[in-house]
Every structure is written in structure tokens, then in C-alpha cells.
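One structure follows; several queries about it will come next.
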Amino acid sequence: MAKLQRRLRLGMVGGGPGAFIGAVHRMAARLDDRFELVAAALSSNPEKAIDFAKELHIPRAYGSYQEMVEGEAKHAEPIDVVAIVTPNSTHYPVAKAFLEAGIHVMCDKPMTISVEEAEDLAATVKRTGLIFGLTHTYSGYPMVRQMREMIQAGALGKIRMIDVSYIQGWLATPLENTGAKQAEWRTDPTKTGKGGALGDIATHAYHLALFTTGLTGDSIAADVTTFVPGRRVDDNVQAMLRFEGGAKANLYASQIAAGFENDLSIRISGEKGSFEWSQENPNYLHHLPLNAAPQLITRGGPTALPWATHSTRVPSGHPEGYLEAFGQLYSDLAELITARLEGRDPNPISTLLPGVEDGVRGMKFIDATLDSAQADSAWTKL
Amino acid sequence: MAKLQRRLRLGMVGGGPGAFIGAVHRMAARLDDRFELVAAALSSNPEKAIDFAKELHIPRAYGSYQEMVEGEAKHAEPIDVVAIVTPNSTHYPVAKAFLEAGIHVMCDKPMTISVEEAEDLAATVKRTGLIFGLTHTYSGYPMVRQMREMIQAGALGKIRMIDVSYIQGWLATPLENTGAKQAEWRTDPTKTGKGGALGDIATHAYHLALFTTGLTGDSIAADVTTFVPGRRVDDNVQAMLRFEGGAKANLYASQIAAGFENDLSIRISGEKGSFEWSQENPNYLHHLPLNAAPQLITRGGPTALPWATHSTRVPSGHPEGYLEAFGQLYSDLAELITARLEGRDPNPISTLLPGVEDGVRGMKFIDATLDSAQADSAWTKL
Amino acid sequence: MAKLQRRLRLGMVGGGPGAFIGAVHRMAARLDDRFELVAAALSSNPEKAIDFAKELHIPRAYGSYQEMVEGEAKHAEPIDVVAIVTPNSTHYPVAKAFLEAGIHVMCDKPMTISVEEAEDLAATVKRTGLIFGLTHTYSGYPMVRQMREMIQAGALGKIRMIDVSYIQGWLATPLENTGAKQAEWRTDPTKTGKGGALGDIATHAYHLALFTTGLTGDSIAADVTTFVPGRRVDDNVQAMLRFEGGAKANLYASQIAAGFENDLSIRISGEKGSFEWSQENPNYLHHLPLNAAPQLITRGGPTALPWATHSTRVPSGHPEGYLEAFGQLYSDLAELITARLEGRDPNPISTLLPGVEDGVRGMKFIDATLDSAQADSAWTKL
Amino acid sequence: MAKLQRRLRLGMVGGGPGAFIGAVHRMAARLDDRFELVAAALSSNPEKAIDFAKELHIPRAYGSYQEMVEGEAKHAEPIDVVAIVTPNSTHYPVAKAFLEAGIHVMCDKPMTISVEEAEDLAATVKRTGLIFGLTHTYSGYPMVRQMREMIQAGALGKIRMIDVSYIQGWLATPLENTGAKQAEWRTDPTKTGKGGALGDIATHAYHLALFTTGLTGDSIAADVTTFVPGRRVDDNVQAMLRFEGGAKANLYASQIAAGFENDLSIRISGEKGSFEWSQENPNYLHHLPLNAAPQLITRGGPTALPWATHSTRVPSGHPEGYLEAFGQLYSDLAELITARLEGRDPNPISTLLPGVEDGVRGMKFIDATLDSAQADSAWTKL
């Protein structure tokens, strides 16, 4: 088939005024200029949805996602893909509806609020053959991909230990009682699902561990705590993990680590060396080879590999950050869809985009963690 | 006047296939979604210019900037502003032509290749009343603006010393003889102008010193070196500076600091404390108050001020970088133009966008530095 | 009583040629010039012991610790205190013998190889009234003491979470099979005791958690691993801890984290803020107060408190390290003994010296960790 | 000759109660146990001198350095070497007197208060054949020696640029008017000599540049400032330097950089790469090779060379600091003296101890810097 002569048409559900992640998705989708945002149901309040779409110069504004599915289904130039950026509890019905209408999906995480929903989505994706991206943002960082590529190539030998932590302090106080929107829905189990810190950030940490190492989780022993009195979901997760093949991990996720901003850090040790990486300073990867000098790997430096250089836009020394990592996921999505439209294989690097199976694993992780915590931290299958 | 109901129309001159800074301008202009790139003369080779514009989905492709000035001048919906991203030697004629056609300008730096050109552009801007932005990128970083705001508010008291260095290693070898495009034009005096490292990066360092402190340069004593044999421009600049009012500075810019990527760092000391900031890790500002504990200031942390928070898109802990800083300059530009179109005063923060007077100062800095160097480092008026 | 007019007389058991920790004890004891090393049984090989003592200019050389106890007991100017720096398995008999002879003891950690031995030593110390120091080195660092002092004063409010890790990579390979002495005895259960990484470094991490926070351990759920095939003791410890009052901790100690040197790091979060400290860069303490800018605390900086400034020798900016922290424990010991000799109360800061009760807690920690690990990580009382 | 069977006998002039550097010399001399401090004239006040010596358990207490020279000259077991730790203005007469009495000298820096004195000392050292050490502390750091060794071995190729700065903030206010002893004498030209920051710290920076690179200074262009009103010496030094063979440097020394503690940092760039090292975190050396990944070198890591490992006492990961670097100079001194007493060649590493020629170069540096500053920063021979 011929080369696609246009930008892809993107729709968005959720992401109204004041929403954090919706704005992030829009910036990310713009960064590499492969999408045009042409349709949206930005709010569950139809009036707000339409006004805000106008403000953002989005041509086709809908009052609800149902209207949008219908409208796009019969449009001459329908959206190629929809971004779902609503609170967690509605990811499932929205994603399902668009998939059933034949539209690819880019979904925020955690993917659903139950394993059942997750597995149904996975089945739907399988049945329809559509593309489903899940925005585990941190997998878009060049240095994270570099780790994965080097580990696959054997740089660390067999993996032994992972130490991953994701700590924030913004919920150290009962912020949800002060009118703060982000805090409200993220601590409301009807919107956020069963887990608090668990769903919001521990899932990122777990995904990062799997993504970088290629390991498969076996079981977990967890202690889950709500430190802030009155809070309706957990705000602190501690866990020990075991993987198939013998590797182990520590996982620590907290939203009450007062004073910390968004400190996702990982240390991976194998027989031949270790990696150390921290999201707050993401342009640098520390490689500690066994019996050799520690090396600093930079996005575009002399030892950067294709998975890193592909996912970077400016020379190293010119820092990239969160939006660029997020943008990379959108570029991967664009490549997957474009390749399909052009009838060719996609660039294999773009298949790094997390998908529906990652979402299923994330939901199982949430369930296993809660089950273990309720069973006095007994080892529980992942 | 009424609120502007559309994105601003942006044109671009330069930035063809493989050009670094053109692509950066395009990403930066997209980031906050206030521009639409509708016209371009992307290359001095007309065919390339037109092909590449098509590839980038730019509707109006021109074969030369002259054609573009003409074409836009008579277009029903002409561009509001043109981005000039050609090699330095053509900034002046291009900028002049668009200004004379009544079109605002966003120009890469250094602004021109002589003080005369610079002063003529300044006079043209004054005469036409048009908006002229100069992309001294580093002034778009939130933490740089935070420094400026805190210094204006007296946080450091009277400034005494600035220590600014901008060092890179990419030209430690005669890269320009290997076919590397970026190295070729940046070391070719007919394209880059009189200065090598001087024009390319020392001007950024000088601008950063002035921008953050609000000081006015008085004189300079400089040593300018070409370390790589056969190179036609300088690749290393050392200077001592004096400012009006008694403050002093060290300035060091090098492109032969082998192994360094893009290390622009500044330390500013006043009677009441110091600041320390480094571009390669830009999300953190170190404030060292006299007789109190050093403080870490983050983009969105508890002590971030309006000039910082205005210039940031995601919560702190989610790193931003070079493209976001660059994007901020475009958002400032958008605000200045939009305010004019809407008949209102712009947000004062957006007046931080460097302009034509900064360009004049930059060209005078280049001349004074070279004059001092040729006079055995004699103190020379800036 | 009158002021002591002499240096204290120190003896040493263990610390022969090539021993790491013996040399450290000697340097540490010299640093603040309050001890004179006058007697020693440096090796279990009498000839070596005597030759090496001569080389070190130690006047009274003994061929065994038994001879030394006897010799010192009847000496006119016997040692005031003995440093025990033998492999773990002999700490108990040596300490016991000297205590029974009325001589104070400075003992390396872990204190013994069983809880029974530890409790017997504690009883002996109680009965004899002698001073017993245990060299948990890291409690001698000024910034560690600053943490403790600030936490006691309420700087963090109620403690919620501790995240402590102590990782090294030197045993990532079967080094003990290559003739490396340090590796040999530390992986030989007859010399090192039941735990490998557990006794050697996890005990330090546990002590650090207790020392800084003043918390009392309640229970532990642990996973203990031997990653290197053929190794006779563990080389990796993962644990979740619970403290009386509701605080919790992660503890991770590893000697197979290839490429890491001696990375003991701790993050403590309470209701009002967090601390972050790392042993490899020990002169800096990061204080992250809730809703205020993160602060950097330095040994002699504006916010250093008495417990820190007392434990430092040179102005901040002039780094101190491991030997100074170790030396501080010896200075504390000197103060405790001197105060006793002078019939006065010691400087209360010197009572921070870890003692026999810390040793008992350490041995219980080892047992509980192994018990939990053997019971499939079941929560086990500390 | 036979192996020396005793510790060396050390004397000290200066270093009374409250003196900073005297206490440092004493700790440094003790660290490796090769000296015994047996004689001292600790203060110019005889009573204080004798009382304080008693307090420090120094057997032979003198009321003045003249008495000490006399007393030691006729003692059966005279001191081998004297440490001179008085204010700068008396270094010369004291050193001269001990040298003439046949006693080796360890002298604090700057060596004298004039080039004439310095050259006379150098001639005296030459004539007497005695050993003269000068405590440029920073040359004792293992990573500084590693730099020197690697540079000598060609790791950076031909050196092009040095960027060295030494900044402190403790004199940002007129501290000398508040009764602070250290500030008083260091800003009193009759005690400190012609230079303030120049003599106190710029000389260290200059020595470090020469020591690490082996270069020979050619000329300097300097700007010397007294920022604090009423201060009698300079408190800020800026300079550009040229070396024989074409290398250049920036040198910046300040005592008014408010909030900085003791930040001595150096970046050295050659044709094949760069080094970066900072005194406040001295255990790490960053090596940035051209076209290869930046490497971290640690004191005892896989790429540590003999000059580094020789100068370190504990495994890397266990930080060493200022006292250990200072102690290394004393160990070098001990080796030089011992080798002489034993009639053998010293370990060549110990000849790294700075000596009287470094002192001469330092005094010439001070004069040249002041001459240049007075001549409007004209290039002046070093």
C-alpha cells in the first residue's frame, strides 16, 4: 500500500479543564507531529465538554463518549485512534465501546478496575485485531529502553535482584479533604479502583521491572498500608517479589513519603553487573559492570544503542523529560497504526509500546498484592 | 478587540532535512498548541524545500525566502510570524525582508554576523513596531526565570560575582573535515560569522548572565583560542567581565572540552547568598543563602515563584527539558502576538522573551571579545 | 576526682597482618589522640602476633588473648579497654574473658554468633558495670547523629516509613574460592556465624534504622537468598519490618549487587517530612520538610546541631569519612571511660556509642530474619 | 643501613588552642602512625604554649620556636622534623632556623610572604640537603594523584584547557570585625602576607593545576578584587593563565561566594578526553574519554592506579576525606625521611609530596597575579 499522506486522526475521551493527564496526552501526541486531535468528549458534563473542545480548537466536540463512538463510526474521516484519559473506573467501558467500533485505543493506566475487565479487554483486542496502547510512561524513556536492550543482549548476565521504588509525598496529608481534584478521585475507590498508591504508582514500578528485565512475575509477599487516617485507599505499598527463574525484587511505592516529588528509581543487579536509573534525572543511566569502571550512558552518547537513540529528539546534553517519554509512546502508536495502514511491518522498536497484556498483568498484580496483604503477607501467585 | 479564535499562523525559513535547530523550533512551536506551521522555505535548494514541506504536511511550500515573503504578503491568511533558522549569515536579510513585509519574527541566535546588521535590525523593529523574538533558549527554563525573579526581589542582595561556563566536546577533533554538516557550517566563517564557540555558545552564556541578574555589561578582557589545527574559527573562549555597578564575571565557553556534552552552568554570588544551576539537570535550582541551609528549588515545589510555575507544564518530579524551555519562548511569542491581536496588554511574564536588543548586545559582545583578544586581552568596552 | 593526666591504655585482640578491620580500629583509636595502643594479641598464631606487634611499636605483645588477659590483669598499668577485632565466632569468649578481668570492651559487630551468647554478655556487662562499646560505625557519622537529634526533636513528626538498603557487589562471584581472606572467613559459618550478608551488613542497616529513629522493632518478614552457587551463607537479604507504634520499613542488604561498593542508604519519612542520607557521600543530609523547600544540612553548616558538630573535626566543605565516623566511636568510648575515671558524668553525646543491648538486638534480628525466611517469610517477632 | 625501629620524632611550631590548621596537622601526622609528637612551641605566648603542650601530652614544651631550635639541637633524641603551622608571616624565619639546625621541615602554605624569602628558603634547602614538605593538602587526595598518573600516561593526550575554581563564602561579610580569629589573621596583611584569597586558596588552585598536569606556568592576566568594604586584603581572584606548550587555564578563587563551603573543583581537557574532580566529594573522579562512555574512577575500584591505591587506607565505598589527604602528605614525609635514615631510595610515590620549589612557584604566582591586577590585567610572566 502507499505511504500515508496525512497525520493520524486522534480522538480523546476525558481530559477536561484542570485534568492533569489529559493535557499531558495532548502535548505528547503533538510532539512528533504524527497526530491531529480532531474529535473529543472531554468531560462527562456535555456543556463543559463542548466548550473546552472549542477552546482547544478541536473540530468535532461530543457531549459524551457514547455520542462520540456513534458520531465517529459514521464519519467520513473517522478518528484512527482514541485516547482514554478518564478516571480508572471508566477505562473499561470506553475502551470496549471504541474497540467494538473498530477504533484503535490508547488507554491510561491502570487499565481497568478488575482482572475480569482486563481479561475481557484483552480478548476484545485479540478478537478485533486492533492496536491497544497502555501509557506506562516510563517505558518511553530512552535510558529505560537502553537498559532493556542491554539486558536482552546479556550485559548483566542472568538477573538476580531488582530494587524498585516509586515514592511521592503529595498525599502525606489528607489532601483529598481540601478540594484538590487530583487527590479526590485518586483516593475514591469508586473512581480509582481497589488500589490507591497500588494502582496509581506501584503498577508503574512493577511494569518497569518487567519491561526492563523481560522477567515474568511468579509471586509476591506484600504489606499494604493506609497511613493517613480516614483515607479510603492505601497510600503505601511494600513488597517482596519472586520471578520465574529465580530472580527476586523489592518493590516500594508510597504517596506519603513527605517531601519527595516523583522519585521512581530502579537498581537491577545480575551476574555481570548492575544498572541504576532514576526518573527525576532520566537522561543518565549508570552501568556498573562487574570488575570494570562504572560507566555513564547518555541518550546520544558513544554507547547509546538503537532503542535509546530512536527514542530521543535532541542531542544528549540537551535534556529530555517526561513529556518526551510520553511522546515516544504516541510515536510508537503512530508507527504501529501507520504501518498497518501502509501494509508493512512496523519498526520493531515501536512494538515496545505497552499493550493490553501489560494491562492484564497490572490488574493481576493489584489483586495479588491485596490478597497477600490480607493474608498476612503470604506469598501469593502473580 | 475580541478573543482570537484560532491558532497563530507560523512560517519557517531554513530547517531542511537533517538540520538540528529547525526541527527543534518546530517541536517547540507545537508544544503548547498555539501555532500552526502553514508556510515554509525550508531549504536554499528549491526542490528540497518543497519536497520536505510536503513531507511535513506544511500547506504552503516556497522555494526561497524571497518567494515566501512575496507569497505571504499577498495571501488572504498570511503568516503572523516567521521563524528564521538558517545559518547565521542569512539571519539578517531574511529577518529584514519579513519585517519590511509587516511580519513578526522569531530568529535564531546569534542574531546577525555584525553589529551593523544587528543595529539596523533593531532600528527596523523599532520603526515597524513588530515583535521580534530571539531564541536564547536557556532563558526559557523555569529555574532560570526563578533565579531572575528572586534576584530582582533581592534574594541575593547586590550581585558580586558570576561564574558562567558553557562547555562542549563535540569539536575536540576536526569534525568539520569528516562531512558532518553541523560542524561544517558552524566552523565556516562565511556562514557562522566571525566567532566559532564565541557566537555559537559564548553568546548564550553572556545572555544568561545578563538575563538572570539584570546587570549591564561594561567591559571584557578575553583570550580566544583555536585549539584544533586548521580550524577557521575559534573553539575556546575565556573571559573576565566587568559590569556596571561593580559586579564581575568569569566566562568560559569551549567546544573542545572533550567528553562534555552541553554543560552550561552558572553560579551567581551576591551579598546575601548564591545560586547554582546547570542546564544538563535543569529542573533543580540550588539556593545558598548566607548563614542558612542551602535550599533546593524545584519547578513546582513549595518555593517556586510565578515566573517558574508559569513556564512549566507538568508537576515537579516529572522532568522537563530543553524542548520545554524552547517551547516556552514560543508560548511567550504567542502571548505577545495574541495580546496585540486582541488589543490588550500581554502577560508580563511573556515579555521575558529575548528580543532584538539582546541580539544587539550579543553582537557587541562578539566584537568586544575579539577586539580584546586581538589586543592581548586588554579591557574592552562591551 | 582529678582530671586524667594521661591517654587511655588500649589493648587489641585480632587485627593481624592483612586484616581490614583491625587496621581501621587502630587508625580510629589514634585519630583524636585519647588512646595509646600498649598491648595486643594480634593473631591466633603466636609468632605472627608478636612480630606484628613489634612492627607496630606496641610495647606488650602477647601470643594469645588468654595470655593477654592474664598479663594485663597483673600489670601495674593495665589496659583500660580492649578492642576485639577477631572473626565473629570468637567475639564472645574474648569479650567475656576481658570483662571478667575488669577490663572495658570495644567489640566489633555482629557482637556474637548467637542470642544466648549475646544475652550472656549483656548480663556480664550488667553485673560488672563495665563499659561495652559495639562498633556500629555508621552511628558515628555526624549527619546520622543530626538525623537522630532532629527526629527526637520532632522534625519529622511521627515516623511512618523507613527505607534502608546496604548493598555491595564484592561477593557477586565465588570470591571465597580464590584465596581472598576477607571473603573466606566472612562466608565460613564457623567463623562468621549463621548469617552472611545478614550478619555482616544487614545488622548495620537494622541498627541504623533503630539508631536514627529511636523505634523498637516488632516483627519481620524476610526472604534470604544465596545467589552464588556453593556459597555456605546467605548473600542477599530482603525484609519488611514493623515497629512498635505502627511505623514500617523495607530493608535490603546484598553482597551480590555487582558493581556497588558500600552503598548504605536510608530514607526516613514521617508525618512532617523526610530525611535522605547515603554513606558513600556522608557529609550531606537531605531534609525534605513537608510543604517547604528541601534543605541540605552539612556537618558544620548553619543548621548543624550539637550532636553533629560534636562529632566533626574540620569545617564543613572539608570532607570527613569512614575513619572519622569510626574515630568518633572511639572518642565516645574515651569519654565514657575518662568520665568514670574522673568520677563525673560523661558528655551525654558520647552515650550515643552503641552498646551491648544493641548487640543483643542485632543477634535477635539475625535469628528472626532466618526464622522468617525458613517459615516462608512469615511475620516473626524481633 | 638497618630498618628504622621507631616512629619519627615530630616537633610543631604554632597550632595553639583554637587554631584550625595546627590540630589538622596533628591528626594528619597521627593517622598512619609514623610520627610521635615529642616537642612543640605551640603559641607565641610562652605560658599558653607550655600549658597547651601539657594538655596534649607533648613531652617537650617550649615557650618559643627559638628555644625549641636550641633545645632540640642539643637533645640526645632530637626531633627529626618540625611542622610549621604559624600564620604565614613567620613561616620563613621559623623554617630557616630549623633548617639551619639540620632539622627537616613540613611547612604550611603559602610558604612565605615574599618571593625573596621563598628563594632563600629554596637555596637553604638545597644547601643543607634537608627534606622540605609543603602542605598543599589537595595533592594528597588519591583521585588527584590518579589524575596526575593518568595524565602522565597520556590518558588525555596533550592538555589544552584547565578550569579550576576554589570558592568559599565564609568571608562574604566583614567577619574579621566580629572577633573571629581565623578571619582576623587571614585578612591582616602583616600576618597573612600580600594576598587574601590569593594566598589562602588561589595558591592551592594554582598548585593543583600544575600538580595534576605537570605543566609549567608561563603568564597570567588577573583581576583581583576586595568586595567587602574595609577589608585589607583581596577576597576574590579571577585569572586567565597560559602555560608553556600552549595550554591555558581559568582560575577563580573567592571567599565571598556566599553559601559555598570549600568548593575546590577542577576540569582538565586534553586532546583525548577530560577529567572532572571536586574536593567536596573527593572519592570520585570522572573521566570523560573522547568518543567513549564517561567513566567513574573510585579510590579502590577496578581502574584505580598505584598512585591512588597507595594513598588510600580503606576500601572504596568507605569514604575518605580531607584528613586522610593531609595524612598522606605526612606519610610521604615519613617515607622520605625514613628512606634517608635507612639509606635507601624512597618509594617514588612519596616524592609527590610538594616541596620548596612548589613554594617558590606559589610566591611567584602571588606576585604575578598582583602585578597583573595592578597593570589592568596585563599578561604577566609567572
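By written order: A, B, C and D. Residues from 1 in each chain.
The definition used in the following text is that a contact is a pair of C-beta atoms (placed from the backbone, for glycine too) under 8 Å apart; a residue touches a chain by one contact, two chains touch by 3 or more.
What you are looking at is a predicted structure, and each value in this text was computed from that prediction instead of being measured.
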| item | value |
| --- | --- |
| Pair with more cross-chain C-beta pairs in contact, given A-C and C-D | A-C |
| Distance-maximising chain from subunit C - centres being C-alpha averages | B |
| Intercentroid distance (Cα basis), subunit C paired with subunit A, Å | 43 |
| Centre distance in Å when subunit A and subunit D are each reduced to the mean of their C-alpha atoms | 55 |
| Interchain centroid distance [CA atoms averaged], subunit C/subunit D, Å | 34 |
| Sites on subunit A at which at least two other chains make contact | 260, 287, 294, 298, 301 |
| Residues on subunit C engaged by subunit B in the complex (per definition of touch) | 287, 291-298, 301-303 |
| List of subunit B residues in touch with subunit A within their complex | 6-7, 20, 23-24, 26-27, 30-33, 56-57, 168, 260-263, 279-283, 298, 301, 313-324 |
| Touching residues (chain side subunit A, partner subunit C) in the complex | 156, 160-161, 163, 165, 167, 169, 172-173, 221, 223, 225, 227, 236, 238-240, 242, 248, 250, 252, 254, 256-260, 267, 269-274, 287-290, 294, 376-379 |
